[in-house]
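Input: structures, listed below.
After this come two complexes, each holding chain A, first together with chain B and then together with chain C.
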Partner chain A sequence: MAVKKDYKDQKLAEKLRDRKYYIPDSNPEFIKDVEKIGQTAAHMCYQCGTCTGSCPSAPRSSYRIRLFMRKAVLGLEEEILTDPDLWLCTTCYSCTDRCPRNLAPTDAIMAMRNLAFKRDIIPRNFLQTVQLIYKSGHGVPNNDANRAARKKLGLEEEPETTLKYPEYLPGIRKILDHYRLKENADRILAEGE
Partner chain B sequence: MSKNKHQYAFFLGCIAPNRYPGIEAAAIRTSKNVGIDLLPLKGASCCPAPGAFGSIDLNVWYAMAARNVVLAEQMGMDIALVCNGCYKSIWEVNHKLKHNDELRDGVNEVLKEIDMEFKGSVDVWHLAELYYDPEIVGVKKIADSIKRPLTGARIAVHYGCHLMKPGKERHFGDTENPMWIEELVAALGAEPVQYRNKMQCCGAGGGVRGYDLAHALDITNEKMINMRDVGVDAVTEVCPFCQLQFDRGQIEIKEKFGAEYGIPVLHYNELLGLAQGMSPDELALDLHAIDVEPFLKKIL
Partner chain C sequence: MAEVKKNEEPRIGVFVCHCGTNIAGSIDVKAVMEYARTLPNVIVADDYQYMCSTPGQNKIAEAIAEQKLTGVVVAACSPRLHEPTFRNATKAGGLNPFRFEMANIREQNSWVHMHQPEEATAKAKDAVRIAVAKASLLEDLVPKSVPVEKAAMVVGGGVGGMQAALDLANAGIKTYLVEKSPTIGGRMSQLDKTFPTLDCSQCILTPKMVDVYRNEGIELLTYTEVEAVEGYIGNFDVTLRKKARGVITPAEAEARGIVGGGCTGCGDCVDVCPVIKPNPFELGMAPRKAVYIYHPQVSPLIYTVDFDACVKCGLCVEACGEKKAIDLEMKDELMTVKVGTVVLATGYDIFPIEKKFEWGYKNYDNVITSLEFERLICASGPTGGHLIRPSDGATPKRVAFVLCAGSRDNTGVGKPYCSRFCCMYSLKHAHQIIEKIPGVVPYIFYMDIRSFGKMYEEFYYRIQDEGAKFIRGRVANILEDPVTKNLHVNAEDTLLGRPIDMEVDLVVLAAAIEPSAETEKTRRLFGVSCSQDGWLLEAHPKLNPCGTTTAGVYLAGVCQGPKDIPDTVAQAEGAASAASIPIHRGEVELEPYFAQCMEEKCAGCGLCVNQCPYGALALVEKDGRTVMQVTEAKCKGCGTCGGFCPGGAIWMQHFATPQIVAQIDAFLLGGEQ
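Let's turn to the complex of A and B:
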């Protein structure tokens, strides 16, 4: 099928083209993986479109949650996992809140993102958060201006977290290493440079 | 649940302590004034960010959030927190692990490597829900704690997403047009103002702020228009990440789209602090990207 959209990240775009991701084959196992990871019976979707109608991303992009739900049922794994729109869900859960089938389209999207990551398809900002947490325990770490402000407030310069107690960091790193998350984040980020 | 419903382990998250420390200072003092002690949760980490971590590998998200819960279990205390994103991670993982044995066993296998075990012995609360709960604090006690009513201030409430949604799995009731935070705002003597599409997302979540800033800001911009159209002196929320998106976002919107709103953005704890008599300096309001001065002039 024709590729109409592209990642702004040129390296990732080239990688996807090189690997010939765009094949028409359907994978019937895909919906089962989505349902298992997302813990929602996505195949029960009857395509009413309440989800897309509730979605804050839909009016300003080509992202259509209903389309992702349908493609998942049809097993169009390649199309789903390579679509840059997959990452435009703000996870606001409006679709999940309103779904008349009591499904969780948001969690189905999260599952599809998990499956994309397994193939190294992931925007860089997600991996950078992993690196930050590995380093300090925080996705948004402290800085000097903030330390000065904290002191003025009568708070300690470092909050009572891993920042003040770095002895807790090895435990966090062990969890991340168990899933080889830092290693994979480093590798994928390096490949994209 | 812990035995003492007036003492909680305070889970800080990232953005409150590291970008808006006034929220942390205000939470501790304002809670004390209504009978709630917030104690340090030593060694806590990022919740971790549900959008970023959940998108990569939900199993890591479960394990990392569980570690934070276990720290509170070791203190024998329920967790209180001030951020919707943290609430999604900490409340939801705690809830899932309590009700899903398979998930809990998987997480405990990993936690065993760092000599920890998730037992499911504590609960997790957002401070805002503790303030609203008449059995813990209640709107009346909030109103009684006010020394400087925010009379005349028109305030828009942004509920954010991850505190109340998905409603089916939470306990907050109506998620289409809730009014309980408006009650908490009215208790401060201010006038809560209704605006179009109140429950819409700020635009930042799910990793979208980092992935496609212009897309995230376009969502934020729609909310700013809807608030401006009804005339508000400030917007309040209960989520530092939403706060960042509205506060710094207004600067970014001006740069990218040329639109300017100048609407101050205050976490509910900052508002409560002002109403209880804390000074702007004690809340580090100078760290806000959008000048809070016009709002202060109106209420001080």
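Let's turn to the complex of A and C:
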């Protein structure tokens, strides 16, 4: 465990905090959970960086998928689940396409998001997306600009989805209700206000 | 022999090995030993820490003498490890060594059932019971000695094959060196310099090529391929295809009665030849004619006509004139040679790295492979040693080297293994451009630098000191600027934790290697196994790295697995030494597991003759009857004929039907007989 030192100045305390890796800080079961949910042998990562090199998010953010893989192998559960960067993956799967160890880093990230959500750690915009899906069947619902564009292209204003067939919306809601996704989203959003 | 020879009264001794904790860690050795005492015919049972040790072996010999044993069972490791040891101990006790039977309770038991001690012990008891059943029926056998032909063959004329051939010939053995290309020299002759000493590759190789050519003990057969192989250790009959070369040597000219004729390597034919083709030696980066040599130092210095390209205009024949060296009507010839042992040195090819499309090889002009780099930086290469960008001929100032290009790759497109010499030659490449191009910066994208050999780590130190930039990250993808043809190398500097987009002038891919195209065909001809990745399989990875499981066939160089030049030459010398042993001994002992015909049961139907994969069986007339006869030296004891014979007239020595039935009975009856 890290040695705690008290400085009156909180900035100084943060700057000088013990950053060593201590075995008691890690959860060896974490990587197993990630592999079980993500269905990929994440512990076989050899840290070549092909994932981050392929990542469209990395050059424009502090998101480093390789680091998440590393921390997962070391069982740094707290650090991973509380890191807001976890939610910067666009799930483009470029890293999964190119990983020389034939791993699916994207699926490992999604597994970690799953584990974070179980602890109510999730950005508000993701929860708002859940509410939108519940409402319309779409994470990004149709809007007037889009409708006009579709019309111009000779398409119907509404696509062949719940937007055109709202009678299927109850089915989607049933799925979300089964996993209590909407309920949890509403609750967490309300708690945050 | 043709009768079921039951021992008058079988007296079996059983010895159970602890192998330290290898066996005793999961198997109750004492319980197995006590159990053995209850088995029929078992006179004595004992256990010991290490049965293979001298005291362990003495136990066997003493028990045979004291208890007048007729058979010995040792329950220990795999027979592949210690069967010879215990056979010798059996012999030392005064019994025929084939009266010994081994029960494998380690590889096939304790090691795989480490966490199931009860079941493992029960299985060990089964194994011992089965072995005792067989040992009770074992009979005396005598190994057969066959003479060994005092000649050897080396397949592949690269540096490994050349070294093996030189060693064999210098040891007084007539050696055939077979090479598919028109010249010996192999991959090494395509290289510019060699790490870590920076010797010129050709400079150190050419003297060896000349030695091979001049050595009277070596019959050099270039432009020749192995067509068929028959026989076994000591007596291989190898059929070779001498491909039509279209050019005759001075010796061949003399045989044809042309005085002072034959190819002198003058090259007059090349000047007049109208056909232009890419030169494979230069990886297609330089032209050659339809009549050609690879490069000026070829050995033998004999031109070759490429009949796939030749238009038979006859201009070369005219230019050759009185030497009459060119014969455009030449056809392939088959020849058969008899050799005692064979060394395979079939080398490697570059993995087709264009399959990893994210790096753009063959799509982007300025992405080249390391072998192409060798030719471009070599003074005798297509650019006279000036490294250029293929797109515009300009000298590159920023060069990226991509290591592990297709190696250490588990995706299925690429190779799971480390190609082993790419780190070192890429360091050398960095040195070569720093030396030749002022202001150049080599960027080496690496995962790990594997500088494992003598003076290799020192070489790494030197190249880093010379100014090479090392970036610890595997290259994710490469994109080309369509206007400048510059390349954007995308990777992560994993030590900085930052993505990189590096614009460079030239990218060199240190492409993975794979077994040469001919390896698969050649290994099948000689009956040699390969591992999952296609490299030829050594008899034992540590204790017999030059041998194969096919007696009389040995391996040298990269065909067995990626190796640099020092390791290749060392293994070649090892293989030559191993291949010379049977030849110098003059005879080899064959395991006496031959099929035997029980003539009174044989109906002479001949059905077995065609079944035999080794051509060891024939029908003969004997006492007015037609019966089958086995050529013992050819028989490998596979049992195909024995299992097939409709009349049950074939006796498989050491694996006879009564012996196998007794083993099955012992297993199924659980010891109650």
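The criterion applied here is as follows: the second predicted complex is superposed on the first by the 144 of 193 C-alpha atoms of A that agree within 3 Å, B and C clash if a C-alpha of one lies under 4 Å from a C-alpha of the other, contacts with A are read in each partner's own complex, and residues count from 1 in each chain.
Criterion: a residue touches a chain if its C-beta (ideal position, glycine included) is under 8 Å from a C-beta of that chain, and two chains touch if they have at least 3 such contacts.
Model, not experiment: these values are computed from the prediction.
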> In the superposed arrangement, which partner chain does A:Leu181 touch: chain B (first), chain C (second), both, or neither?
Replying inline: first
> If you count the residues of chain A that each partner touches, which comes out higher, chain B or chain C?
Replying inline: B
> In the superposed arrangement, does A:Cys48 touch chain B (first), chain C (second), both or neither?
Replying inline: second
>> Going by the contact rule set out at the top, does A:Met110 touch chain B (first), chain C (second), both, or neither?
In response: first
> For A:Pro123, is the partner it touches chain B (first), chain C (second), both, or none of the two (neither)?
Replying inline: first
> Can you list the residues of chain A that touch chain B in one structure and chain C in the other?
Replying inline: 94, 102
> In the complex of these two chains, what residues of chain A are touching chain C?
Replying inline: 46-55, 58-59, 64, 66-67, 94, 98-102
>> Residue numbers of chain C touching chain A in their complex, please.
In response: 358, 404, 408-412, 414, 447, 472-477, 490-494, 497, 499-501
>> Give the list of chain A residues in touch with chain B in this complex.
In response: 37, 56-57, 60-61, 87-94, 96-97, 102, 104, 106, 110-111, 113-114, 117, 122-123, 125-130, 133, 137-143, 146, 149-150, 152-155, 159-165, 167-168, 170-172, 174-176, 178-179, 181
> Which residues, counting only chain B, touch chain A once they are in their complex?
Replying inline: 10, 12, 14-15, 17-19, 21-22, 24-25, 40-46, 48-60, 63-64, 67, 110-111, 113-114, 116, 161-162, 165-168, 175, 199-201, 203-208, 210-212, 215-216, 218-219, 222, 281-282, 284, 287
